[in-house]
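For reference, the structure I am asking about is given below.
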């Protein structure tokens, strides 16, 4: 999908200074509730790159059942997604498009690097056309190593994002990084 | 041709470009089609691939033969176990290695199980393109049974790195064979459920019958191989026509369908799953005792030379050309991947299809991007 | 408040050139208060319904697909939708730079407004009809067609090819399927002799219309699926073709509104089906509104069953099916109904030959 | 497969060397035309090998797509004898930098299918061969791939653009003298906004 128009974002939470009215405890409380809810409904964008995408599909299928946690809503449009699961090798040719998709997602957004290739280039790190880790392009919140990781590992990775949200560990993250 | 295409009765319509992919739910990876559309009708299509090009042939020149073996599973990642077979065959030809009989049987068993798993993914993804999620979960459940077997034998669910130069990696684990029988029974039962639910479905048949008909001549011209070729009425299958390994000792039919449309490309795979299950059962019955690997030096230096080996992989002919210069590293590795040639037909057949038919068409070709881009 | 409304009515009268009898005189203030209460009630009902429906949809999907479905938030995962909605409220609102801004912004509001209006027309039981109109069914059909407008606005305003194609498809689909739907309803209207939804519901105290008009019922179900853009007619979203259809470019709360509108319409359309074919709120022992809601949910489950079983039909075949199969059958049904009514009247001595 | 010597006889300027059909670079167009006229051949693979130090004599590639273990053992003696003469250093041909271009065909007429390899040695400094996409449409993608990765140009094509690599890529990676641009293995922390934006 090539969407040339870049999104003109209204300020997301945390990007601009919260107004004085909702500073302090009220603001903090609202943020806690929001983060709790975010953690329980991380909708991934349908975005498979390579081998790991098959395991990602398997994680969504009946045996591993990602839907138990409310994560099964794979949104085809990045505009409606919260989580980008980078499942597979990112090549130089794909990198700008991956960045575009990331930019198209609304804040707050999270990135999960799935598999060795997305983490650091994996077995293809020495190649002339492979990006050495997706964290050179977009900020990554959770790394799930493996080649490919089992579906359980992926689910665990998504639950790690949830745990970080509940513990408010992602709070200080700069937006639009 | 559908009735949807109408004469523009004096109405000015404007063609527009639609980029289908690389991030699109129905392109099964990072395939991109640049479509010129008139409303919902495709005027012309152009393949844009390479978004997963990992430069594997160059990488091979920098590592040893044994090191490259696991890489071979990463191209057609849906059918991981079958890919190293062609590579190992080429190496064995290069080094004149005779594979023990038991290893050949194990290769056939694991290879056919992998073919079943791969075809199940195809069946699942074609119905997923028609937004049928329920049948998709049925076939993925069935695939899980097979994945468990592959994991037990090789340690990996998806990228089954079981074949090595001169044989196979490990012998069968304890109690594996009864599990195979059980898993095949359960898989075939689920497949029958799926078959009943989808193959006779009026909507599914209506959307696939007569769509993008590829005649046998065209299929040969375009270098289409594998199940997509057999859907055009040909019974071309290297397992039968040029038997490698022990395929000549197995009793099986090459499945083919006559019409060459999207439905046949789908259905021939369903038939092949049943045939493969039969072959696994036969091979298990005939399984001899003995070594599982020929003696191959740890630091293996084949004599300078060149070898070419081709097998019938899940998507068609998988061929490896290996050129050796006498060192521990290959001088040049070239792979012929079936999906890369199979997608060549897309621009020829796309004009006149509606977007929905186009998606059914590319799903029925069953390509894997790792296999196209390498 | 009332004075303000009266002024507005007077002003509107002046513009429309209506006769001098003031509209405000015909509208005592308590009527307006009741209207407001009904409105709030309809919104609350809509929200509860949407939450329940999405939960049912996800859990039912799980049941059909040999799995569990969301079960972590709240008992049995009941609060999952609330959770999702709160999350979507906290998302960034993105508006494409090239969007047609006004249209882009109005579209999601329109779809929910229409849903609320439709909720106000349904006869939940004797005496619990928020707004009783003697042309209720016509108004219902008319209002539900405005959905098309909202979808088209979203598709056009987004300035995205996928959105536009999705929107265009929906317009063609919904407009065509309104014809067989209306024709199937006319049969009921002929039998009942009234356009009022409450009258239609109460006239089925003895025998449900589904037994008198089975063909019309089948046509109604098919057209309702198409109107709601549910599988096998889910052309609008058509994830595998158009990414997310007309709401590809919508994020956050605006996307939530589309989502809500979609499920709210599922309820109101099923409720219309219950009113027309299953005797509305009629039923023994339990309070009428329980019967009404219960029947509606059974109807919805039936629709979801279809949705999780079938594949998506092709657009042109869908249109062909409508114009070449459904409409002729419904016209024939109409003719037979007319003949049948005349024969019935002759048999019971209502008319003399 | 039909007998390779019979095929060679039907094709201008072709000779059989160790199971391969070898054609001089000048005659390639006529040879492929001849093969097409014979009919029944499916072009399924085009590959190239870069030989900057000159080509050894064509190798006796085992031409069966696969072989049963027994057949493999039987065939073992033939390639082994040819191997010493094939080493680049002992090659009788003058060491000319070249590309070995192989077209692989599957004979669809016969019941037993086999790989027929047509080998051309082309000049490394001026690697141009005529395109066969008009004869076999399958060659379209295959030729584009060979050009993209190896830099052998196919003349007479409508379009010659990169297929696998991005369009602004410099060089042809499968050539032996290709040097991949160096890159940092682990760049600066991605949380840094500047690094993320400049990461491309």
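Letters A, B, C and D name the chains as they come in the text, with residue numbers starting at 1 for each one.
Just so it is clear, a contact is a pair of C-beta atoms (placed from the backbone, for glycine too) under 8 Å apart; a residue touches a chain by one contact, two chains touch by 3 or more.
What you are looking at is a predicted structure, and each value in this text was computed from that prediction instead of being measured.
K.L.:
Central chain, going by Cα centroids?
P.N.:
Per-chain C-alpha centroids ranked by distance to the global centroid put B first.
K.L.:
Most C-beta contact pairs, which chains?
P.N.:
B-D
K.L.:
How many Å are there between the centre of chain A and the centre of chain B, using C-alpha atoms for each centre?
P.N.:
Here chain A and chain B have centroids separated by 30 Å.
K.L.:
CA centre of chain C versus CA centre of chain D: separation in Å?
P.N.:
63
K.L.:
List the centre-to-centre spacing of chain B and chain C in whole Å, with centres computed as mean CA coordinates.
P.N.:
45
K.L.:
I need the residues of chain C touching at least two other chains; which ones are they?
P.N.:
61, 65-67, 239, 243
K.L.:
Going by the touch rule set out above, which residues of chain A reach two or more other chains?
P.N.:
1, 62-63, 76, 93, 127-129
K.L.:
Touching at least two other chains at once: which residues of chain B meet that condition?
P.N.:
Only 24-25, 50, 53, 55, 58, 137, 141, 373 qualify.
K.L.:
What is the complete set of touching chain pairs?
P.N.:
Pairs satisfying the touch definition: A-B, A-C, A-D, B-C, B-D.
K.L.:
Quick check on the complex: what are the chain C residues that touch chain A?
P.N.:
58, 61-62, 65-73, 77, 80, 83-84, 86-87, 89-99, 159-160, 162, 239, 243-244, 247-252, 255
K.L.:
Across the complex, what residues on chain A touch chain B?
P.N.:
Spelled out, the residues of chain A in touch with chain B are 1-2, 45-51, 53-55, 57-58, 61-63, 76, 78, 88-89, 91, 93-94, 97, 101, 123-124, 126-130, 147-148, 150.
K.L.:
Touching chain D in the complex: which residues of chain A?
P.N.:
92-93, 95-96, 99, 120-121, 125, 127-129, 132-133, 135-140, 173-174, 176-177
K.L.:
In their shared complex, at which residues does chain B touch chain A?
P.N.:
19, 21-25, 28-30, 50-56, 58-59, 62, 70-71, 74, 77-78, 80, 121, 136-137, 140-141, 143-144, 147, 157-159, 369-370, 373
K.L.:
Note which residues of chain C are touching chain B in the complex, please.
P.N.:
61, 64-67, 161, 165, 169, 231-232, 234, 238-241, 243, 308-317, 320
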